[in-house]
Amino acid sequence: MPRALFLLLIAAILPAQRPELPKIQDWKGRTILVFTPHPDDDTFGCGGTLALLAKNGNRIFIAIYTNDDKGSYDLDMNSQRLAAIRKAEEETACSTLGISKENILWMGHHDGMLEYVNPLALVEQTTAIIRKVQPYAIFSIDPGREDVRWHKTDHRMAAMNTVDAIRASEWHLYFPNQRLSQGLMPWKPQWVILYYTKPADANIWVDIDADLKIKAAAAHVSQFEPAIHKYRPDWDPTELEKFTAGFKTRLPKKDGRYMEAFRATRY
Amino acid sequence: MPRALFLLLIAAILPAQRPELPKIQDWKGRTILVFTPHPDDDTFGCGGTLALLAKNGNRIFIAIYTNDDKGSYDLDMNSQRLAAIRKAEEETACSTLGISKENILWMGHHDGMLEYVNPLALVEQTTAIIRKVQPYAIFSIDPGREDVRWHKTDHRMAAMNTVDAIRASEWHLYFPNQRLSQGLMPWKPQWVILYYTKPADANIWVDIDADLKIKAAAAHVSQFEPAIHKYRPDWDPTELEKFTAGFKTRLPKKDGRYMEAFRATRY
Amino acid sequence: MPRALFLLLIAAILPAQRPELPKIQDWKGRTILVFTPHPDDDTFGCGGTLALLAKNGNRIFIAIYTNDDKGSYDLDMNSQRLAAIRKAEEETACSTLGISKENILWMGHHDGMLEYVNPLALVEQTTAIIRKVQPYAIFSIDPGREDVRWHKTDHRMAAMNTVDAIRASEWHLYFPNQRLSQGLMPWKPQWVILYYTKPADANIWVDIDADLKIKAAAAHVSQFEPAIHKYRPDWDPTELEKFTAGFKTRLPKKDGRYMEAFRATRY
Amino acid sequence: MPRALFLLLIAAILPAQRPELPKIQDWKGRTILVFTPHPDDDTFGCGGTLALLAKNGNRIFIAIYTNDDKGSYDLDMNSQRLAAIRKAEEETACSTLGISKENILWMGHHDGMLEYVNPLALVEQTTAIIRKVQPYAIFSIDPGREDVRWHKTDHRMAAMNTVDAIRASEWHLYFPNQRLSQGLMPWKPQWVILYYTKPADANIWVDIDADLKIKAAAAHVSQFEPAIHKYRPDWDPTELEKFTAGFKTRLPKKDGRYMEAFRATRY
Amino acid sequence: MPRALFLLLIAAILPAQRPELPKIQDWKGRTILVFTPHPDDDTFGCGGTLALLAKNGNRIFIAIYTNDDKGSYDLDMNSQRLAAIRKAEEETACSTLGISKENILWMGHHDGMLEYVNPLALVEQTTAIIRKVQPYAIFSIDPGREDVRWHKTDHRMAAMNTVDAIRASEWHLYFPNQRLSQGLMPWKPQWVILYYTKPADANIWVDIDADLKIKAAAAHVSQFEPAIHKYRPDWDPTELEKFTAGFKTRLPKKDGRYMEAFRATRY
Amino acid sequence: MPRALFLLLIAAILPAQRPELPKIQDWKGRTILVFTPHPDDDTFGCGGTLALLAKNGNRIFIAIYTNDDKGSYDLDMNSQRLAAIRKAEEETACSTLGISKENILWMGHHDGMLEYVNPLALVEQTTAIIRKVQPYAIFSIDPGREDVRWHKTDHRMAAMNTVDAIRASEWHLYFPNQRLSQGLMPWKPQWVILYYTKPADANIWVDIDADLKIKAAAAHVSQFEPAIHKYRPDWDPTELEKFTAGFKTRLPKKDGRYMEAFRATRY
């Protein structure tokens, strides 16, 4: 059993000592790698924080597991077209948050099919991304969420596969061909920051610009009414207003301020 | 991320609002689809409720993942014979509950092997069943039970695969050949009702006819002593009496009445 | 649904009755089978208890899923050499606990790859081991630990696969060729004892010889500094002292005595 | 080793005795099952013979492995639309040959993906079709063609899977759930007739109506220029003329008559 | 590319030099390992030669891939019983040839399922057998037979998997855990002798005792009429006579003597 | 069925017309892509021709399926080290032929494991390489060689997978994410040139510089004696002399000149 995990186990038995926590708002010039199951979970899960990080001069990469080519009720929609729509929407959302489309890494899997992809090839692909990007911190979807336990989907697979790949990345004997033929060295991030976390598991909260986050969320036009039922490339203005208002009331607050909550671990 | 799930996530962060709950006892003329890992979990998990639904004039379909062809201690038993015995027992149990054997859909997998079946083929098969039956409500085994987390068996796989298939069924771009060549349209049930739920997760309770449920349970002769150790097609009368009494004391009660408990979600 | 599981389900709904618990310290002349994901989790998880059992004249077999051939930061290390090192370390640790190396069963999988091995072949292999050894009690890693839910690794796979194999072992129609061609009869252990359990799930505690356990743990030289970064076959004496002291402060205590905690189930 | 294969092996060593050959032109009132990798190989491989069989009052079923949803150079084409186009073209072609679209069984796999489908699920699906249809003769693509050995594609997989399923169909212990829950009995066809055979392997020739076959072939508009490069639902008249003439010169002839050649085996 | 294969390739381009051929009839005290897909292909394919080798004091091991539990037309037969019948028949046949049942290694796979077993686990299992037995010569089914190209069955998989395992066995870096934890060293046989070979590929012929071979073949009672249709443990005397006569006329002869033909390669 | 294959089939039935053949010696400024199972098959199979192409100013890319990390008899060798040795040897060999190491694309699979890699991921990876490189001609190992039919190894898998990927590359609906997210357009090479072809299948011969080819072959030091048994980084001079002489006598000649033979197809 690798040493890091051993310490974790030991720790779990002892009275909780105060764990070290990241000060995300102070980060500058860091490399950040975000894993997201679909091209919108990054916006919903940590968009406000990413905007802050971008503003503070950090380099952000977004690795997207799937192309989201299935989630439309429009019977005239097809998968190739939907994938193109979602790609463009994600680029707009990222641009709103201050992330350029050159920094988006499309991992190339199909919506809803992540469970059925070869899992060894998936973890190898993910490990290579981590070793190439060499991030200071990795954001990913929390594998401990209740709905992840209850719903076996891209979310669960993306969540688990990312933590697996983080573990594999630090040991050169996992996928040694990556070092030999691509020159990729083992890498261990300093922080793993999980979004879509259970409220009870959250240990850090980041103060965000709610309007900017909602603006980015609204870029995912085809994910919402009316476009999800009958595709149109833009919002009906009334619907947009309703969406914006609804989204804002639902955003979590702490001490009267809009927040994003995370479960952070020193790695 | 599909919109339904997004709302769920948002909801999870907000103070719990009172969720809408089904009034099962008032349903009439509805189509009900039950998924069960083995040909007896339906009886044990929701047999009383199914009897009530049948009496009230609903159409009930039972989709059974496996043929239960391994669970016997009798060293002279073989799998082909055991599968035939369990099929007959299930037909008797269903008949006791008011469900005809024409409404039983055998999915054709072997006992204990559901984890090892091709998972993509399994979710495709399950999606086709949902789209064909077009149920108002789906009953299935709760993927959130503790023992499901702890025991990797047909139960866990059936539980997770069913929720996956429910999600897939509503989007026409999942398994589009089902629409093209079989004319199956996307379908979304109104309710998902989970049995074998953790007591803490239960949100509805249905008042049942305990004696009828026990009679149906007793149809599964080969699952209990003495037939599980040395097969015989009928009960030893003393054993049956003990079984009936024991089963009754163990049936959950609420407010002095025999109940079945479920975790229900508006879908 | 097999009868044992049915009783479990029924039980879960009733007010907790006092479950029967094993008196490990009284066992003599029993056959004990330990499953461990890596050649060191047995030492860390239940080494003190195994030493006690060995002293009391029980026969102990250690079945090890993987060869631990990846966990080194030493860039000059290779997998074949690391596997050999870990094998020798495990033999030393077992010998310290009173278990001879003839009783170690190497299952032959590679470190970190247990999730990617064919799962049906894995459960068949594990079932054959149980049926051959015919253990009175099985020790294994707890599939209910939080970190197992969160981290998809050898730990999770080993934990789940073992409980699956225990279930399969008792029914002769699982893997019937084992009975036909190898003469292996169905087998059901009396006790399943889970280590690395969540503190809240523990139901028995065993008083151990802490110094002996730490001595056995220290045999895993290559798992710790400095050898994990630059391999050397022995400890730097200062580091060993620090390790020993640190390990001891972290060992769980109960009523002032060093303990190992388990979740035990009558099977 | 099943007896039939044994006889085959023995036979292979002996001087060739004159094998029994089918008189296809004399068949009347027979049930014929055709397996085709794509919705056009049936037309090209045995369309003339099928037209003859239909005219003579035989019942013909066409089982189509894939939906042919990838073979277009048109960059504006998408897979859902192409699948619908190919389905309609196949229905037209079959209708031309005298086969109604109710007799087409779409097996639901994607073009070019047959090698990657779960092979056990595929052979089970194919076996069920044979047992349901209970054909007197099965037409399928020859697994012995040179290009099948050289090109690993849907053709090879369809060819081999069909012969496997034919073998499985006759033994009730293959997929016994088909008999138990669907009432499907074991079935052995009298003849296996292979198309796309190597000229050297052909042992029967059927005199066909060349113009009818070409008319059916021309129904596959989207498979040829100009529609394969820029989709249009109909032929450019000049292109159609060229196609018709070209196709006719290439049709094999024997004794001055247009023929289809097969490798037939008494089963 | 391993050196042995390279030489083969080079050789293939040069004018055929006279290859070295084995003198099977002179072997004494050798260890022979036979791989057979089913428990009867060894008898039919090389039973006469094995009898000769046994008589001459060689040690013969029979490794049998499958349990042959499907090939019966008897609708009352079940797989567990058929497997037991075939095992007993094989033991009788081997005993007739002079091979004791202790030397039969049952590999534990199901009839007709060898294609669907995990292929990496299969080649690893086969490699371990070769390294344990350390045979001077290996007999196996010829992967070059025409019917193997045409029929994808246990025969093809067994044929190919065996040659793969022979290649893997000689390199210690294939499955290195076999050396580390089981002490199995790399092994290269001197000869690979293929049965069920195409007549054109045969390069050696062994003079056999035809009556003894037929007697061994007749031990496989359940493979032939009448027992294949309605099981009985013994022959109808008239049928046995017919079988014996028929088998004898079909046995290949060379220079007036009964022979078995093989394709032998110096390895 | 794609049109190209249809024409092929039609063609196969007609009297052979003279197929168009490539004039490799006249190619200048072309892009050439070579697929090789191991880092040496390119040298042995077409090294002389590659040297000629390099000299004539063509751009050559070498895509290597596996890292050849198993083929050593040296018991002190390990896989990580052997992979590094073979990589360096291949770079030397390529450099000898006039190909720089920047043009070598390591596909990252392990020696002997190509059959067990996920085949869909493999063909997707290969398709991406073809679409990126956009070669005028592709060299690959002939899937029609006899030994490929007889030996299931990396050679067979590489051979078949390459032809599959060539077919997939030309259709944009295969792996459409490659176009959408990486901008890779469909691509069809003009020529497919197969090496290690059966002499009877060869249709073109290229006049080569035998000494240069042998020099490149000799760069693969660890593939031959003495280094294959006891690794040393250089040749024993006597052995090198023997190797050189032996290799030369074995090189195929035509009309008194050293040649490489290929099976070429206009695509």
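Observations, loosely collected:
By written order: A, B, C, D, E and F. Residues from 1 in each chain.
By definition in this document, contacts are C-beta pairs under 8 Å (C-beta built on N, C-alpha and C of every residue); 3 or more make two chains touch, one makes a residue touch a chain.
Predicted model, so just to flag it, every value in this text is computed and none were measured.
Listing every chain that touches subunit A and subunit B alike gives C, D.
Taken together, subunit A and subunit D share the touching chains B, F. By residue number, over half of the touching pairs seen at A-B are also found at B-C, the match among B-C, A-D or C-E. The angle of the rotation carrying subunit B onto subunit C, fitted on C-alpha atoms and rounded to the nearest 5, is 120°. Farthest from subunit C, judged by the mean position of CA atoms in each chain, is D. Centre to centre, using the average C-alpha position, subunit A and subunit E are separated by 55 Å. Rounded to whole angstrom, the centroid-to-centroid distance between subunit C and subunit F, based on C-alpha atoms, equals 47 Å. Contact of a single residue of subunit D with at least two other chains is seen at positions 78-80, 120, 149, 173, 176.
Viewed as a contact network, the protein chains fit none of the simple shapes, being neither a path, a ring, a star nor fully connected. Chain pairs that touch one another: A-B, A-C, A-D, A-F, B-C, B-D, B-E, C-E, C-F, D-E, D-F, E-F. On the side of subunit C, the complex with subunit F involves touching residues 78-81. Interface residues of subunit B facing subunit A in the complex, by the touch rule stated above, are 1-3, 5-6, 8-14, 119-120, 143-144, 149, 160-161, 163-164, 167-168, 170-174, 176, 186.
Those residues of subunit C lying in contact with subunit E across their complex are 67, 80, 83-84, 87, 106, 108-110, 117-118, 120-121, 173, 175-178, 180-182.
Considering their complex, residues 37-38, 40-41, 44, 68-73, 75, 77-79, 82, 111-113, 115-116, 146-147, 149-153, 155, 196, 198-199, 223-225, 228, 250, 252, 261 of subunit B touch subunit C.
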